[in-house]
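Think of it as A, B, C and D in the order they're written, each chain with its own count starting at 1.
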Amino acid sequence: MISVDALWWAGLAIALALASAALSLLTASVPRLLRVLVMPLFALSALSALIAGLLALINGGVAVAELPFGLPWLHWQVRLDALAGFFLCVIGVVSFAVGLYAPGYVRGFEQGRDPLPVLGGFGGLFLTGMLLVVLAADAFLFMVAWELMSLSSYFLVAFHHDHAANRRAAFLYLLMAHIGGLAILLGFGVMASVGGSFAFDAMREAQLPFGWASVAFALAFIGFGMKAGLVPLHAWLPEAHPVAPSHISALMSGVMLKVAVYGFIRVVFDLLGQFHWQWGVAVLIIGSISALMGVLYALMQHDLKRLLAYHSVENIGIIFIGLGLAMLFYASGHTVIGTVAFVAALYHTINHALFKGLLFLGAGAILHSANERDLDKMGGLLRRMPWTGLFFLIGCISISALPPFNGFISEWLTFQSALQAWQLESGVLRSLVPIAAAMLALTGALAAACFVKVYGVAFLGQARSRHVRRARPVPLSMRAGQGVLALLCLLLGVLPTVFIGLINAVPQQVLGHGLVQATAQGWLWLTPVSPQTASYGAPLVAIALFVAVGLGLWLVGRGVRRVRRCDAWDCGFAPPSAAMQYTATAFAQPIRRVFGLLFHIDERVEPQQNGHLRHSLQVSDRAWGLFYTPVVRAVEKTARQVIRLQSGNVRVYLGWTLGTLLVLLWIMA
Amino acid sequence: MTALFVTVFTPLLGGLVLIGVQRLSWAGWINILVCSATFIGASTLAIAVARHGVLEGFSFRVDAFNVYLLVLTAFVGMTTSIFSRPYMRYVCDTGKTNERGMRLYHVMFQLFLFTMLLALSTDNLGILWVAIEGATLATVLLVSLYRTPEAIEAAWKYFILCGVGIALALFGTVLLYFAAQHVVTEPSAGLSWSTLHGVSTQLQPAIMSLAFVFLLIGYGTKVGLMPMHQWLPDAHSEGPTPMSAVLSGLLLNVALYAVVRIKMLVDGSLAASSSPHVAGYLLMGFGLVSFLVAGLFLHRQRDIKRMFSYSSIEHMGLMTFAFGLGGPLATFSALLHMLVHSLTKSAIFVTVGHATHISGTQAIDHIRGLIRTQPAVGWGLLIGVAAIAGFPPFGVFTSEFLLLTATMQTQPWFTVVLLLGLAVAFAGLFRHLHPMVYGPMPQGQQPVKANMLPVMVHLGLVLWLGIAIPGFLARWLDRATELISGVHLL
Amino acid sequence: MNASLWALTLLQVLLYAALAPLLVGWVRKIKALLQNRKGASVWQPYRDLYKLFGKEARMAHTASILFRAAPYIVFVATWLAASAIPLIAIPMPTSAIADVIVIAGLLALARFFLALAGMDVGTAFGGMGASREMFVSALAEPAMLMAVFTLAMTAHSTNLASVVEYQLVNDNILRPSYMFALAGLMLVAIAETGRIPADNPATHLELTMIHEAMILEYSGRHLALMEWAAQLKLLLYGVLLANVFFPWGIGQGTGFAAASIGLVVIVTKLALLGVALAVSETVLAKMRVFRVPAFLNLALLLALLGLLSHVILEVGA
Amino acid sequence: MSLDHLTLLQQFMVVLAAVVLFTSFVLLQQSRLVAAVHAFAWQGALVAMVTAIVAVAGDQLHLFFSAALTLGLKALLIPWMLHRLVRRLELDRHSETLRHPALVTMAALALVIFSYWAVAPIVQQELIFTRNIVAVSLAVVLIGLLMMVIRTQAVAQVLGFMSMENGLFLAAVSATGGMPLVVELGVAFDVLVAMVLFGVFFFQIRESIDSLDVDRMNRLTERVDEP
C-alpha cells in the first residue's frame, strides 16, 4: 500500500509552485529575483513532483485525500495512483530541466518591456494547474485545474503581445482550449448523469450503455484531442507554441500535451473502462493521419520553433496510434498485446516529453545567443555553441527514432504490437493495422529527413547571416537544463527494461494486466511478447556501437590525428560561399513535390524592376480552409442577421413588447 | 428590525441630505459614508436573519432569499460609490456635466439604492412595483446626464420601454390582487407576498397565469429579457459609468428577484392544474433566447460599454433559464450566479470606466494597448473578462458548472445548446478584448489616476467563491434554495 | 551460449567486412565483361581501400568535428546492422540482440550521419546529395520495413534467425506474399545501395548523383571507411535477399562443417545475385531523380501488397 | 350576466366604461395634439366617475378618495401640464398625419375582441358585476400601447402611456374595488413624477434634435455598418 508520503511530496510540489508564482510578484521591483528565487523554486517544485511520481510508481498503490475546497457537497478529491504517478514523473522531469534552464534564459527579459511577474507568476500557476489535473479525482477539480492550465499558458503565449500575429495566436489558442474544455465538461456530464456524481469513483462504478459510452468517448476524444493537437484540431498548436518564451514552449509541447494524453487515458481507459473496436479504429486512424500530416507539415517549415510544434502533432499522433492499438487489442480480448501497445504509448509519452523539451530548449538557446528563429538564416552553429550542438544532435537522433536513443524503443514497441495483427479475428482490422504500421514507418523516415534538414542547416555548414556568425555559447544553467534531458534520452534508450519495469505499475492498475514477460529475460533483454517473437538487447547494441566507434577512432584515427585543412573541393568549383548552401526550403523541395497535393502551396516568381527575379513560397495548412473558416463565416452571418433586432426605433421596440404580450396571452389563455 | 430600517432608509436620508450639499468634494465623501452605513446595516441585518431566521413586520419581509441580495446590493453600492468619487470628479472636470448635474447624480444615486433596497425588502407586491418604477425614475435622469443626443435618446427609450413594461406589470399586480381577493379575507393583506405564498394553492390558476404573463413581461423588461431588452444596451452605454455598474449589477438582479417571487406564487397555484410547469417553461424559453441571441450580439459591437451590457443580458438569460429549470441544483446555481455576476460585472464596468478615461473614448477600435499604458487597468479588464467568461478558478465557472449539471440531469439536450452559446459568447467577448488590452501603446496615451481597489475586492471575492464556497454562504443559499424550490440541497 | 557459437558469430561478423569489397569487385568485373571490356580484377576494391587508408586525410576549413566522427559511426552502424543477419549459419546470438527493426534502425542511423556529413562542409553538392538521400530513403525505408514485416508476421517473429529457420522448416509452401515482398525488397535494395537506375555509383560531376555527392569532400581513411560502409551495405542487402528468401544450404548447427558448406553456398548465391545486378545495370539506364519516387512507390506498393495478401489470404484462410 | 339584472347605477357604470373605451379610440385617431389632450382629460374624468360610482355602489369609502385622486391627477393636473407643455413647445397648431387610419382602427377593434377573449376566464366565473369592465380596461391598456407604437410624436406617445395608466386605474377599480391605499398613493406619485420627467425630456429632446419626432432618434443601433 502506498504510504501517504508520496501524496505529501505532491502537495509540497504544488505548494512550491504556488510559492514561486506568488513570489514572482516581487520581481516587478527586483528583476534578479526571477532567476535567483522564483525559478529555483520552480525547479524544486518539479523535483518533488518527480519524487512523488516515482514513489507512486514504485509502491504501486493508491492514495486519496480530500481538500476543503470546491462545492459544499463535493470537496476537491485528490487521488495519486500509478497512472497519476507516471504523469507526475513526466511533468516533473521536464519542468525540472526547464527550471534549471530558465535562470539563464530569462536573463534576457530583464531589460525587456514585458513585465516579469507575468512570466514567473503564470509559469508557477501553469505548473500548479498541470499537477492538479493529474491529481484530480473529481470532475470539478479536474475542470478547474484544466482551465487554470489553459488560462495561465494563454497568458504566457501572449507574453510578447506586441506583434499582431502573436495576439492572434493567443486568441486562437484560448478559444480552442475553451471549446475543448467545454467538450470535456460535457463528456464528464454524460458520465456523471449515469454515475450520479462527479467523483471519479462513481464514474468508475457506473456501467454506461454502449450508446452513451460512445458519446462520452467521442466528447473526450474531441476535447482532449483538441488540447493534444490531433489533426484536424491542431490548428492552434503551430501558432501558439512558437510564440511563447522558449522554456514555456518546452513546457507546453513537452508536458501540457501529455496532460491531455493523460486526460484521454484517464477517461477512456480508466473511467469508462470499456473497449470497443470502433473506438480503437477511430483513434488509430486519427492518430496515423496526425502523425503523417504532422511530419509532412513540419518538413515544410523553416521557422525552427514552428517546425518543432508540428513535430509535436506528429508525436502525439504516434502516441495515439499506440493507444488505438491498445484499445483494438483489448476490445478483441488480446490483453497481452494490448498491454504492449499501451506501454509503447506511455513510453513514447515520456520520450516525447524528454526530446521535445530538449529540442525546444535548444531552440531557445539559439534564440538567446543568435536571436534567430529562421533556419534559412542559421548555419555553422555547432562550432559556435558546441554543447548546445551536441545536446541538440542527441535530441534530433532521439526524435528520429534511431538506436540507441529512446525514441527508437517506443517505436519498436509500437511496431511489435502492430506485428501481432495476425492474431486479430476480423480480416478488416488485420489489414488496417499493418497500414497504420506502414504510415508509422513512413512517418519515422520522414522525421529523420526533417531532422537531418534541421541539424544540417542550423548547426553545420557556414553561417548564413551576420548575427548568427556572432553567436556565443549560452550560460551554464541553460546547458545544464539541456544536458539533463539529453542524458535521460540516452538512458531511456539504453536501459528500457528498467524503465518499463517502473511503468509496469500503470497497466497493472488501470487495465489489470502487467507486462511481466517484457523484462522476464533480465535487464539486458527487452522481450515484449516472448523471446521467440522478438527481443532487443538495447544495452549490448549501445555498448557495441560506442566501443566499436571508440576503437575505430583509436586504431584508424589514432585518436584525433591532425588533419590538414584546405578549401572545400566541391568538384573543383570556386570556393563555396554561404549563399551556395542548401537552405531548409531547398532541402525539403523534393518531398514538397511528391506530397504536393497535401499542402496548400502558393509559389510564385515575379521579375523585379532591377531585372532580378523574386521567388516567394508560402506553404499553408489545408485544415484552415476545410474546417475553420466555414464555422467562422457561419457565426458571422447569423450575428449579422440577429443584430437587426436592435433597429434603433423606439416604436419598433414597443411593437415587440406588444407582440410578445399578445403571443403570451394567446398561449396562456 | 432597526437594522432593516437603517439599511433601507439610510439611503433615503442620505439622498435628502445630499440635495442640500453644495460642495462637490464633500458630496463624494458623504456618498461613500452613507453607502458604508447602509452596508453595515445590511450586514448586521444579515447576521440577525442568519440567527433568527425570517424577519417580518410593517409589510417588510426579509428571508434567506432576499437577505443576501440586500447585502450584495449594499456592498456593490458601497464599492461603486468609492469608485465614483474620483471618477465623477474627472467627468466633471472634462465638462461633460456641471455642478447641478453632479448634485443630481449624488442624490439620485442614493435614491436609486433606496428603491432597490425597498424593492428587495418589502413584502407588499404593490410596494415592490412602486419601488421598481421608482428605480426607473431615479435612474432615467442619470442616463441623460451628459445631455448628448445619444444620451437623451437612450434615456427616452429607457423611460418609454420600462414605463410601458412597468405599466403592464401593474396590470398583472391588479390581477394578482383580484385573484387574492376571494382567498384572503381582509383586503390589506391581499398583496402581501407571504400571505399569498401561504395560500398560493387556492389562487385561481386561470387568473394567476394571466397575471404571470403581464408580470413576466413587465419585470422581464427590466431584467433585459429578449425581445424587451432593447433599452438596456442604450441605457448602460450612455449613462455615467458608475451608473452602468449599478444598473448591470443591481437593477437587473432586483427585477429578476421580483420575477422569481411571482413565479413562486404562480407555481403554487398551478401545481394542481393541467400544466403545472408552464411558468418555468416560459422562463426557460425567454432565458435561452436572451442567452443565445445576446451571445451573437457580442460579435458585432463597436462600443465597449454596449458590449458588456449585452454580456449582462446574456448572463441574466442564463439565470432566468436556471430559475425556470427549477429544482434545487439549478436554483442554487442561479442564486450563486446572481451573486458572482453582479460582483464581476460591476468590477468590469469600473475597469471599463478607467479604460475609457485612459483612451478618452468608448469606441472599441480606439481603445488600445491598455496593459502597456496602465498594467493595473489592463490586467483588471483582462482578468475580469476571463472571470465573466466562465474560466475557473472564478466563481462564475462554479455556477455555470452547477447549472450545466442540473440541465444535464433534467434536460440533457439543452446542455449542448448552452455550451454552444457559451462558446459563441466567449469568442465574441475575447475577439474585442484582445486588441484592447494587448499590443503596443498608442501615441500620447497617458496613464490615469485609477482606483482599482473595488475591482480587486470584487474579483478577489469572486475568486474565493470559485475556489471554495464558505459555509455560511452555502447555508444561506441553501435556505434560499429550499424556499424557492421546496427542496434543500445540502 | 557456448564458446563455439560466439566464435562462429565472430567469424560471420568478420566475414561480412571481408567479403564486402569482393562483391563490389565481382559486380564491376561482370559489368566490364558484359560491356566487352577486360575490366579490373575482382580484388581491385581491396587495393583501393588499402591505398586510401595509407593516404593522409584532408578536411575543408568549414568542416566541423562531426565531419571527422561521421565515417566511423557510419561504418560501425552498417557493420553492426549486417552482423545481425545470418550469413553462413543460423544460430547467431547477435540476431537475438538486434531484430530486423533494429537493423533498419541502425541503417537509418548510418544514413543520418552520412547525410549530416554531406551537409557539414556547406557545399552545394553536399546539401543536394543529403536532401536526395533522405528523400529517397524516406520512401525506401517504409517499403523495406513492410517487406520484412511480411516475413516477420509469417514467422511470427521479427528475429531474422527464427525467420530463416521458419523458412527452412516449412519451405514447400508457395506464398503470394513472399513474391511481393521479394520484389519490393529488391527495388528497395537497388535504391538504398545507390545502384542504377536509382543512382549511379560510378559517377561524379553529375547533377543526378546522390551517394557520391555526400562523400565528395572526404579523402584518405575517411573516404576509405565511407566506401567500405557502402560496400557493406550492398553485401547486407544481398545476404538479406539470398538468405531470407532462399535459405537453403545455410548451416543450421554450430558445427564447422555446416558452416563451411554455408559459406560456399552463400558465396555462390551472392555470385549469382551479383551477375543479376550487373546484367540489370547494363541493360537499364539511370533515371531522372524525379522519376525515382515512382520507382519507390512501386516498391512500397509491392511491399504493402505483400503484407495485405499475407493478412488476408494466408492468415484468414 | 345580462344587463337587466343590474341596478340603474350599475348600468350607468357600464355605459361609462363603454365611453371610456370610446375615448381611447378618439385618442388613437386624434391628429391634433391639443384636442388629444382634451380627449385624454375626458377619459380621466370618466375613470374618476366610474371609481366614484363603484364607491357608491359598494359603499367603500377609500374609493371616494381614490376617485378624487384620479380626478385631480388624470383629469386636471396632468392635462393641464400637458397643455402647458404643448403651448410652450409651440405645438398647439401641430397635427401629425396618421398613416392608414382605417387599418389602425381595425387593429384597435381586434385588440378589443382579443382582450375580451383573453380575460374570458375571469368573467366566466360569475362574480360581481364590475368584472365585465376588466375586458374594457385591458382593451384601453392595449390601445394605449398601440397608440405608442403608431404615433411618431413624443407628446402623443406620452398620451398613449397615460391612457394606459387610465386603463390600469379602471382595472384596479373595476376588478378589485381599488388597491390598498398605500399602493394607490405610490402609483399616483410615480405617475406624477413620470409626467414631470416627461416634461423635462420634451425640452431635452427638442434641444438635441430640435423636433419631437421619435423616428429621428435612431442613433443608437447596431446596424450602422449594414448596407
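Of note:
As a working rule, contacts are C-beta pairs under 8 Å (C-beta built on N, C-alpha and C of every residue); 3 or more make two chains touch, one makes a residue touch a chain.
It should be emphasised that the depicted structure is a prediction, and the values quoted were computed from it without experimental measurement.
Of all chains, the one whose mean C-alpha position sits at the greatest distance from that of chain A is D.
Centres computed as Cα averages put chain B at a distance of 31 Å from chain D.
Centre-to-centre separation of chain C and chain D, using mean CA positions: 102 Å. Inter-chain centre distance (chain A to chain B, centres taken as mean C-alpha positions): 44 Å. Centre-to-centre spacing of chain A and chain C amounts to 36 Å, using the average Cα coordinate of each chain. The multi-chain contact residues of chain A, meaning those touching 2 or more other chains, are 640, 643, 646, 650, 654, 657, 661, 665, 669.
The set of chain D residues touching two or more other chains comprises 118, 121, 145, 148, 214, 217-220, 222.
Applying the touch criterion to all chain pairs gives A-B, A-C, A-D, B-D.
Of all residues in chain D, those touching chain A in their complex are 114, 117-118, 120-121, 142, 145-146, 148-152, 214-215, 217-223, 226.
Only residues 640, 643-644, 646-651, 654-655, 657-658, 661-662, 665, 669 of chain A touch chain D when the two sit together in their complex.
Contacts from chain A toward chain B in the complex involve residues 68-73, 113, 115, 140, 143-144, 147-148, 151, 158, 161-162, 164, 167, 170-171, 174-175, 178-179, 182-183, 185-186, 189-190, 192-193, 198, 635-636, 638-640, 642-643, 645-646, 650, 653-654, 656-657, 660-661, 664-665, 668-669. Note for the complex: chain B touches chain A at residues 156-157, 160-161, 164-165, 168, 209-210, 212-214, 216-217, 221, 226-228, 230-231, 233, 278, 282, 293, 296-297, 299-300, 371-372, 375, 386, 389, 391-393, 397-398, 401-402, 404-405, 408-409, 412, 415-416, 419, 422-424, 426-428, 430-431, 434-435, 438-440, 466-469, 471, 474, 478, 489-490.
Interface residues of chain B facing chain D in the complex, by the touch rule stated above, are 124, 126-127, 129-130, 133-134, 137, 140-141, 144, 147-150, 152-157, 159-160, 163-164, 167-168, 170-171, 173-175, 177-178, 181-182, 187-188, 190-191, 204, 206-207, 210, 233-234, 237-238, 297, 300-302.
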